[in-house]
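Each chain carries a letter (A, B and C) given by its place in the written order, and its residues are counted from 1.
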Amino acid sequence: MELYAEQTQQEFEGWEEFYSKLVDEKLDCFQSKGKLFDVIYAQQFDREFLDYLCNLADMIRVLAKTKMGQKKLRNLLPHKRAMLYFVQPSTRTFLSFQNACYILGLSVSENRGTITSSEVKGESPEDTIRTFASYVNLIISRHPQAGFAEKMAWVLNQTERPVPVINGGSGPDQHPTQALLDIYTLEKEFHDVGGLDGKKIAMVGDLKRGRTVRSLSYLMKNYKDVELFFVSPDIFKMKDDIKSFLVKHGIPFHETDDFESIMPKVDAIYMTRIQNEYSEDPSSEAETYPEFHFKTKHLSMIHPHCAILHPLPRRYEIEVAVDKDPRAAYWRQERCGMWIRAALIAHIFGVEGEIFKELE
Amino acid sequence: MELYAEQTQQEFEGWEEFYSKLVDEKLDCFQSKGKLFDVIYAQQFDREFLDYLCNLADMIRVLAKTKMGQKKLRNLLPHKRAMLYFVQPSTRTFLSFQNACYILGLSVSENRGTITSSEVKGESPEDTIRTFASYVNLIISRHPQAGFAEKMAWVLNQTERPVPVINGGSGPDQHPTQALLDIYTLEKEFHDVGGLDGKKIAMVGDLKRGRTVRSLSYLMKNYKDVELFFVSPDIFKMKDDIKSFLVKHGIPFHETDDFESIMPKVDAIYMTRIQNEYSEDPSSEAETYPEFHFKTKHLSMIHPHCAILHPLPRRYEIEVAVDKDPRAAYWRQERCGMWIRAALIAHIFGVEGEIFKELE
Amino acid sequence: MELYAEQTQQEFEGWEEFYSKLVDEKLDCFQSKGKLFDVIYAQQFDREFLDYLCNLADMIRVLAKTKMGQKKLRNLLPHKRAMLYFVQPSTRTFLSFQNACYILGLSVSENRGTITSSEVKGESPEDTIRTFASYVNLIISRHPQAGFAEKMAWVLNQTERPVPVINGGSGPDQHPTQALLDIYTLEKEFHDVGGLDGKKIAMVGDLKRGRTVRSLSYLMKNYKDVELFFVSPDIFKMKDDIKSFLVKHGIPFHETDDFESIMPKVDAIYMTRIQNEYSEDPSSEAETYPEFHFKTKHLSMIHPHCAILHPLPRRYEIEVAVDKDPRAAYWRQERCGMWIRAALIAHIFGVEGEIFKELE
């Protein structure tokens, strides 16, 4: 057993060393042949890529408007098989990935249990992942453990048969495809007012723990003259790491707990819910912070073009009656998630040429 | 929180008002462009529709007899995606819907758990349904709560993106596609003796709680000169609502607890099991009522053309040895369920023209 | 109830009589039109069939190397639907069968729960199986109960609508497709050294309870001049039934607990893990038997062409660092499982002609 422990230690150190590197230092490791292979961090996306992927998603939607176009989409990747390994509960991320796969014709295997039979038999997570890679061409994972998707990619990239890994959320921190869909939604909502550059965006709610607002803040460095408004109760303020990042990149931001004062100023309001599920004692968070809810009466206070976003699920942060206002963008945002994920998969497998060709 | 409660109340009242309407008053709400959109109630089917759908199911079966025909069927709806949201356990209904989808080429997402991650996060059922509608083109649901499918349809029909909802069983009352498959089976079994019109049908077992026999009784108003025989222990007699309905529509019926006396008289025997699973204390229902079982010895007592049906699963109501008799129709009945559901989906998506064209 | 009990008894006796027959006496029952229909026992495979199926798997892999070839494969069985009925946890067998189906274009329904809704409602396993057969064209099952797959096949073969049954593992004894993949892997690994005939194979670990090494030993009768080395702790020695079988077929074997002494002598080492999960008290088996592990240092002690196999999942039987040696065949073995299962399904549905034709 000593030898085994020693070896494990050695493997562990290799991974530990890699994992402890700064994100920017290791982005190349998730590339293959000069383009995206694994999708682990939102930091992998620069402006050029974001613009390109939004455009590709638009093209896919154009094709999807006709039965013939949809059949062509389904004929892009019928020879590929994906594994959705979702150890953590998820409705939206799971369904949008699964249906993005279907749109492009991929077959899908799913494992949504928290425990696989192999774990019962004592298999290591690394071996379980290699097993998935034996049968499929793409692994999409969601896992409660920070760094899980990255570790999967790292393990597979050292084998004879690496397959791409897409991080569908790992732990409290990274959820890069959520950031993609938020950008895509904002660009679409701002289509008639010149796109994301130069816009004022409010982020509201639990900014401390909400990974969507954190990722979105990071990605703002790719856009010109964006101004952010952080609206939250004092105990849920945006953490210093993000604020330092914004200062470093010259992105102006403001902090307040007065939501209504901000409403008339912004081009988009990104609502979030209090993340009780990450709390050790959810029942202790009975407070709903009604001053940080968006209500019907607020509709008259915001710009005619102001987009209201929410990563969903919502609880009481947005009144249901707001849904009928054309500025309520959150249901469209869900669908944007499916389309941008389809674009991402199409890109990873290099079939975008066929999509653009169809539309010539 | 007060505002939220008020708003919820308001939404709730809109639904409550709709739900409390008589079924016949709201059937139009489940139509779109003059044809079936949502399938919620057996009352949506009139004779013309039933004949038409049985015919369409037959045509699908003809096509399915050859590999080329099957490929043509799969090419009808490869661009559509269905969600099977089965909160209540189900083997037959689930598998027949799923395989009906496959036959027509649809991709299928499934959620068979009792709790979605969104519920954990505090999402309302209405929002969960809207989320499903964001990703798929058809929702098929089964739920223990009466009115659930109807509510889903009602919610979606008020959004920008309604998708059709098919009720795969909601609570103890409605299960309209079971009624369709029963009609289709009877029509097929009576193919050589002039169809359903003019037939004598016995319904046997738990008539009080069995929703299949209740729905089937309702649908009899679409057929001429049908006569019903309700055979049950006294405590499981057909309820008064159905009997009033039959009287109103001039459909003769008889009630008895003497099964053998009825056997020689009827053209079909629809067996059901005692519905222990709806009982609060299943163990209290140890009684199996053997006088209401169909046994091998009874085969000599029924008409040469008499069809024996059962919605399945069975326990002891029909002896296994009866299965080998050609009049045992219940296994064919299962397959009829798959074909009629395929026909229903083909109709909802308006591809019947392509099916009929293939067969010209 | 007496009649029911009597009848059950009668059915039961029919099955009991069949089940108690010697395997060789009933192999014909799993044939249809002179070829394999149900796949229940490894004894169904003779040398000619094994060679043929390995060749077919190779042809499928050749086709799968191009997108056009993959599309042709998917076009072989898009009109067929499979049911994966996996009552027992399984990662590898499940995923390899599911993806084998996808490769050939089949649609897949899955039931991975331990209890179906029908069982809750009191349905017999026989009726549940007939229900599956109503909707699909192929049933692949894994079940903890010995004889389960055989019983399914036996039940269906007496109905109007038999569909093929593939045994994906039933109880502690039979797992015929694992035997197929082991043979296929050995043949491929020995491709440059003349194939399986004449080879020396060590089987290591829990030989008493490991069904893979037991099945593989049986299949050795199909190969010429094979010599076996059983390497295990005394309490996990190969059972007498296998040893008698080998004596009867003139296959030489040796037993030892000195693993290192065997290493230089053999052409393949088949590692297995201690099957704690079959133990009544897994915690009682804390012993890991390190003398029966394969470690990096052993790589210098084995033949340059020696193949290391393992059915996986592994725990500590093989050091992870061994994976990088080209002789570590176990990850390739996993994929062989998918390809040979695809070949098996193609054979059952008789589409091998189309595969060979593509490659002319």
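Basically, a residue touches a chain if its C-beta (ideal position, glycine included) is under 8 Å from a C-beta of that chain, and two chains touch if they have at least 3 such contacts.
Fair warning: this is a prediction, and the values are worked out from it, not measured in the lab.
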item	value
Relative orientation of copies subunit B and subunit C, as a Cα rotation angle in degrees, nearest 5	120
Interface residue identity across copies subunit A, subunit C - same or different by half	different
Inter-centroid spacing, subunit C versus subunit A (mean Cα positions, whole Å)	40
Junction residues of subunit A - those touching two or more other chains	none
Contact footprint of subunit A on subunit B as seen in their complex	1, 3-4, 7-8, 10-11, 78-79, 81, 83, 107, 109, 111, 116-118, 120-124, 126-128, 130-132, 134-136, 159-161
Contact set on subunit B toward subunit C in their complex	64, 67, 70-71, 74, 88-92, 95-96, 98-99, 102-103, 273, 276-277, 288, 290, 293, 295-296, 312-316, 319-321, 323, 331, 334-335, 338
